[in-house]
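Please find the structures below.
In the two complexes below, subunit A is the common chain; its partner is subunit B in one and subunit C in the other.
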Partner chain A sequence: MADNLSQSFDKSAMTEEERRHIKKEIRKQIVVFALMIFLTLMSFMAVATDVVPRSFAIPFIFILAVIQFALQLFFFMHMKDKDHGWANAFMISGIFITVPTIAALMLLLGVNKI
Partner chain B sequence: MATQKQEKSVIWDWLTTVDHKKIAIMYLIAGTLFFVKAGVMALFMRIQLMYPEMNFLSGQTFNEFITMHGTIMLFLAATPLLFAFMNYVIPLQIGARDVAFPFVNALGFWIFFFGGLLLSLSWFFGGGPDAGWTAYVPLSSRDYGGLGIDFYVLGLQVSGIGTLISAINFLVTIVNMRAPGMTMMRLPLFVWTSFISSTLILFAFTPLAAGLALLMLDRLFEAQYFIPSMGGNVVLWQHIFWIFGHPEVYILVLPAFGIISEVIPAFSRKRLFGYTAMVFATMIIAFLGFMVWAHHMFTVGMGPVANSIFAVATMTIAVPTGIKIFNWLFTMWGGKITFNTAMLFASSFVPTFVLGGVTGVMLAMAPVDYLYHDTYFVVAHFHYIIVGGIVLSLFAGLFYWYPKMFGHMLNETLGKLFFWVFYIGFHLTFFVQHLLGLMGMPRRVYTYLGDQGLDAFNFISTIGTFFMSAGVILLVINVIYSAFKGERVTVADPWDARTLEWATPTPVPEYNFAQTPQVRSLDPLFYEKIHGDGTMKPAEPVTDIHMPNGSILPFIMSIGLFFAGFGLIMLNMDNPIINPWIVAIGGLALTFGCMFVRSIKEDHGYHIPAEQVKADLAELKKGGN
Partner chain C sequence: MAGAVDTSKGLPSHPERATLEGKNKFLGFWFFLGGETILFATFFGTFLGLRGGTADGPTSADLVALDLVFIMTMLLLTSSLTSVLAMFAMKKNNFKAMMIWMWITVVLGLAFLGFEIYEFHHYVVDYQFGFSTSAFASAFYSLVGLHGAHVAFGLSWIIVLLIRYRKSGITLTNAPKFYVAGLYWHFIDVVWVFIFTVVYLMGVGG
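Here is the complex of A and B:
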């Protein structure tokens, strides 16, 4: 299997199909990126102004954070893609370990705080 | 003149190598050096404790030794020694030509090495860290902890990066580089346990890095995460530390399990009993390993509910561990057992590990832990796990893989003598420490009063340490003696073993496999011995083999990180010779500069032509290999 990966190509080695796919992907990522900036702005606004009631501000930005996290995982960490089984397995086990750990940690520290 | 030139090129070769086999040997050497260093500290501590009110070490030196002994043993001795075997064996066992990212592999080694060097430099700047390997705040806070703690924080931070990237490399290698037919459920157990251990590194070293970063901010930049008088929380450090610290134990012990699971079947002449159960038991242990960290903190005052939950969770780990113990016993049951040195170490691992496990379950009972906490009972417990588990399995692995790695056997007579001296010394040292603990001797004290019933056992314990030291000296003699007089090995398979690493010729060529093997079963080599002609079938024709070029960049990048860390430490020095920021930023610039060079400079590696590979193969045929 003499590989020709080490030679450089003049033209793109991608097929038309692949290039169309990449273009679509880029468009999606830009949209999601803009959305994420918008979410960030919303959370700043929520804290800086009184648009969102004081008492609801923290749960509100928390919800926004969860949405951002999901977007990040699905679009930028490629969890939505097929052929991504191993990476997804690791991300899922990471979440599986982190969420209970952080939940337990918050409970424990809450208990300790006097 | 000629010889000098020769020598220089050998050193250059090792500094720039990206070959997993050479990196493995560098890990082995570096790990052994650190192991001996920390072992000498242990010996000195035991001499100090030999008689009541001894004046061999001062209290301050004892504290520094205790901290450095624990830190070095875990981060700079046990981990790299396991990485040495992983690096050598994983690509061979899965039928690969190298790890997935050879450059990153070299980088991981050098970063670990320079991180360790940074930590060790503390001796020249007013003494080592002295807050224990756990570095609990407030002892390690900027108000109470000296410069040594800064070396601890940044040395571990740097060497942790090395460990982390090596682990990621192993993960990708095992996922992507397996030979045709090598499915996940045909992986040798050493590969499986290394895989899961690497996952644990990925998930556990990240909290450690975060915790160390917070402590660094506290110490260098007047942050207040852990300073109660400023609204910080000291217990938070304990949680973060043990969220890392407990999995760390499994990071070390799982590959040790893997070594045992390779050696026992090979010398019992039977396949491993309950392969699937072994794999799933490993996964369950790994998961539970994350959810039990607070059992180190029962006495912090978490309250009865939290204590009970963590106690029960801890005890459940005994179940999958028990599965593994029984599977090893069933593997030996009815086998034709050869008790050579490797097998002696592997089989004696089982009872000592069980003993450590039993005391572990005792410690897991929260009310009882109030009694044992911070006594020598704990010291005895974790040394039964660490020495009776990890170190014994490292010795088993050393004797087992030595002929493949170095082309000659270790002497068996010396080996067996080493085993008995070490094993007897181990039990002498640590068994009586259980009793010392029950009698109330606290841990981490540099001396004790006489006539309290502690004298005899402390004396026995120190005598045991002399035995262990003698054992290690025997091992060193064995290594030197065998290098000159040892039985040469040119056959591929001196043990008549079962897995793929024994299908490669000895010495292993730089490309490992001339042709990628076709795997048809679990224990592939053994399968071919029974069902085929005893050699692996190739999965591809002989073609040019693409190899990566060596590179000095990993070495330079690591030096950069070393200076980045050292510069930050200089911030806390009283009168640094030059501005610390110059050193820190200069170091980072060096590292990033190398990354930049690496990114823009095209480096396609080279090819070993097919003719050469064919010639090698013919040569082997002639040798009757």
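Here is the complex of A and C:
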């Protein structure tokens, strides 16, 4: 049975419904991509011009980055799909540890500035 | 193991997770990505803590050219889309389209890497901004360089896969390999989103 591991296929076993679903999915991904480009443009604009008030520019670009982060993970990396329970568990625990790590390093290094 | 996969009708609709090995690769790789997230968090935290320590050297406002960073961002974002499209081609058993989209991804990634090398060279030569100039410099080169090393590694990985499997068609052996390499590539893109926000835009804007 090991043979079919390195055998290529002349057709796909996808059903009509799966095909329709994948078509819809591709369209969705392209919309998400356009959205990501838009978010990137906004954050560059916020810094390069004075459209967004100076004091709000930093939180603003952070919010945009977090939205883009979520779009990448959920759509491009498929974390929104139903069969990604463990993927979500691993990634979310990673992100969960990230926050105190960054905060602690910022405080430690930032306070003891030479 | 593979005997349990029904291949009589053609390529299974999820070829990357049809075999037990594919499932394990998928799971293990997400575990690895969770760890990578924390690795990058330590570098980001260090950068944020040290970014004020310029020791009278150049600050990021002196260095950064936003147009260059913008081009690099666009290259990497687009390469993320092309690798998504490659994975959809894989699911549809369209080997040729998958290879073409993957090669486009590689070309975009190489262009990105070229810009990054140019950028570092420019900083070192024109601004005397070396690794040991200041705490900020060390943190900057460590964080952005670590990301650059990931890009270089990801590119070599994908190129090796593309050459090794250039004629094989989509099989149950190589589908998980391509899928996992695609995930790695997206992760690089996700990290870049935070690098351009934290390192470049924050450096210029405040």
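In this text, the second predicted complex is superposed on the first by the 106 of 114 C-alpha atoms of A that agree within 3 Å, B and C clash if a C-alpha of one lies under 4 Å from a C-alpha of the other, contacts with A are read in each partner's own complex, and residues count from 1 in each chain.
Here is the rule we go by: a contact is a pair of C-beta atoms (placed from the backbone, for glycine too) under 8 Å apart; a residue touches a chain by one contact, two chains touch by 3 or more.
Bear in mind that the values here come from a model prediction, so they are computed numbers and not experimental data.
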Query raised in the report: Regarding the shared-chain residue A:Ile97, is it in contact with subunit B (first), subunit C (second), both, or neither?
Result: both
Report task. Kindly classify A:Val51 by the partners it touches after superposition: subunit B alone (first), subunit C alone (second), both, or neither? Result -> neither
**Report entry** Contacts of A:Ile30 with subunit B and subunit C, given as first, second, both or neither
**Finding:** second
Query raised in the report: Now for A:Leu108: first (subunit B), second (subunit C), both, or neither, which partner does it touch?
Result: both
Requested in this report: Would you mind checking which one, subunit B or subunit C, touches more residues on subunit A?
Outcome: C
Report task. Check whether A:Met77 is in contact with subunit B, with subunit C, with both or with neither, and answer first, second, both or neither. Result -> second
**Report entry** Shared subunit A surface residues [contacts with subunit B and with subunit C]
**Finding:** 1-2, 5-6, 8, 86, 90, 93-94, 97-98, 101, 104-105, 107-109, 113
Report task. Under the touch definition given earlier, write down the residues of subunit A that touch subunit C in their complex. Result -> 1-2, 4-15, 18-19, 22, 25-26, 29-30, 33, 36-37, 40, 43-44, 46-48, 54, 57-58, 61-62, 64-65, 68-69, 72-73, 76-77, 83, 86-87, 90-91, 93-95, 97-98, 101-110, 113-114
Requested in this report: Please name which positions on subunit C make contact with subunit A in the complex.
Outcome: 2-3, 5-7, 9-13, 17, 19, 26-27, 30-31, 33-38, 41-42, 44-46, 48-50, 52-53, 66, 70, 73-74, 77, 80-81, 84-85, 88, 91-93, 95, 135, 168-173, 183, 186-187, 189-190, 193-194, 196-198, 201-202, 204-206
Report summary line: Interface with subunit B, subunit A side, in the complex: residues 1-3, 5-6, 8, 86, 90, 93-94, 97-98, 100-101, 104-105, 107-109, 111-113
Query - Partner subunit A, residues of subunit B touching it in the complex - result: 171, 175, 199, 202-203, 233, 235-236, 239, 243, 287, 290-291, 294, 300-303, 306, 540, 543-544, 546, 602, 604-605, 607
